[in-house]
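As written, the chain order gives the labels A, B, C and D, with residue 1 at the start of each chain.
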């Protein structure tokens, strides 16, 4: 099934700027990661402005929603910062699009040792192709409904919202 | 859903032996790859003898089948060499187990630059949790029924068997 | 010739803290880098408090000087942040120790893609064993006398002080 | 001091060919390694045919000697396989060129995890700029005269020839 992969920034795509001496954004690592994955499935890669998810505003989330709305693909992977994944997922979930939309990201940037980015990208691409329409968060080898997940910021993992 | 990950060797787990000066097998990279993926889903990792898949014999494939048969998990990922994935998948397919069994591997070893191993592991873990019972091959961001896939050894990709 | 390698922090040893979501210091990467270099020359590794070099105070520089003074080795490599290398080198240079002391560091952290850290460590270990007593800065494949070098912060390179 | 870096192959430059499924040679990694080192010293990079050093013949060694003879630089680093470093160094040593020639290599390919390649390149570049004219082997953080070194193939390290 054809995939759309939408880059929005977040830890996954953080880049070390050696002149400034800090992590920031430059070009997305997604083209390199996708080439590395040797994907032969049909896919489109769409780069939105790359943002730290703590800096995301309503207008940024509506931009992500617009991309999902206009996408011709029925399986969508969104690369997103982990701190506000649920907020973006909530905006997407309220729209009730007839597409499987999977939000994922990384705890360690793609270009840093021991990164989970490539695993998460693979996991999200796999489940996006199989899930029924809906909005999901995929992290830690699990897929969650968008309204039943939270990030435990102390442990650095995603977990179901306790009842 | 609980996962069983079964290591059988293949390119994914090849290791550069600096004394012999060649690629061989030592300890599996799966424990490191799984830790890196920060998986919180329940899983069991089972290491079978690590083999180049061109060296796999019937007895080796029956060992993989025995592991799948005895597994309590209903979602199974098998890390396997790419050259004889279909042969092992055929042995597993003929057994009609009531489990989703996904065979994957890598074109570049986990420890070599530009490896697809971590992506494929993520992809396979994702689809194994969602597919109905059956035996599948997952490579190149696609999932194939075990009896409808072949490796194009010149291009180095997996593709449907032409009708 | 026996080497002393002194870790003081800087970009070389920055570590991505996945809970805090930023670069900070944890254990030094020097033990791993040295093991990887397969050094059989006699060496001692000394870890001082790991600091961003912009945070280094006089007391920190005197601590580095004390380590150099007390070292039994006559070839010393100091891993240091690039922003205030010259300041520390000046403190060491004024002491006129009868040892070859080479200050180096990295523009990209050891654990980040495309890092120069391992090259610089190798370069510094090599020249420290051969230079006459004195204090030097080694970066960009060049060795500079401590009082004749400056960092071009726009270009991110070290260069001779213009006359 | 201006450097000439001569690539001749060896483990340093081995590349994993994903179609053939084995280590071989493609383009040299030296351009990438040098860029990563952010070398601002003047240098020339010369790529000779990339060979496994066990496959090197007299004609190959004479080609290396010709490159050293014609080089305008007085500091030369040769990237070479570890198994016959001494043989090539002996051919160069017999020529008594008025240049510092340092032969180095790697136990693990540049593109494989835990490689010593970048450290050795840095070390060799450093010592080549400082050593008096002569032919040397640099490995394991040590520099050896060409006629006083041997490889311990069981331990995988270079050591002085016992008297």
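Basically, contacts are C-beta pairs under 8 Å (C-beta built on N, C-alpha and C of every residue); 3 or more make two chains touch, one makes a residue touch a chain.
All values reported here derive from a predicted model rather than from experimental measurement.
In terms of the stated touch criterion, subunit A and subunit B have no partners in common. Using CA-based centroids throughout, the chain positioned farthest away from subunit C is B.
With each centre defined as the average position of its C-alpha atoms, the distance from subunit A to subunit C rounds to 38 Å. Centroids of subunit A and subunit D (each the mean of its C-alpha atoms) stand 44 Å apart.
One finds 25 Å separating the Cα centroids of subunit C and subunit D. Residue positions of subunit A with contacts to 2 or more other chains are 107, 114, 156.
Under the contact rule defined at the top, the touching pairs of chains are A-B, A-C, B-D, C-D. In the complex of the two chains, the subunit C residues touching subunit D come out as 3, 33, 36-41, 43, 107, 114-116, 118-127, 129-131, 138-143, 156-159. Looking at the complex, you find that subunit B touches subunit D at residues 11, 16, 18-19, 21-23, 83, 107-109, 111-114, 153-154, 156.
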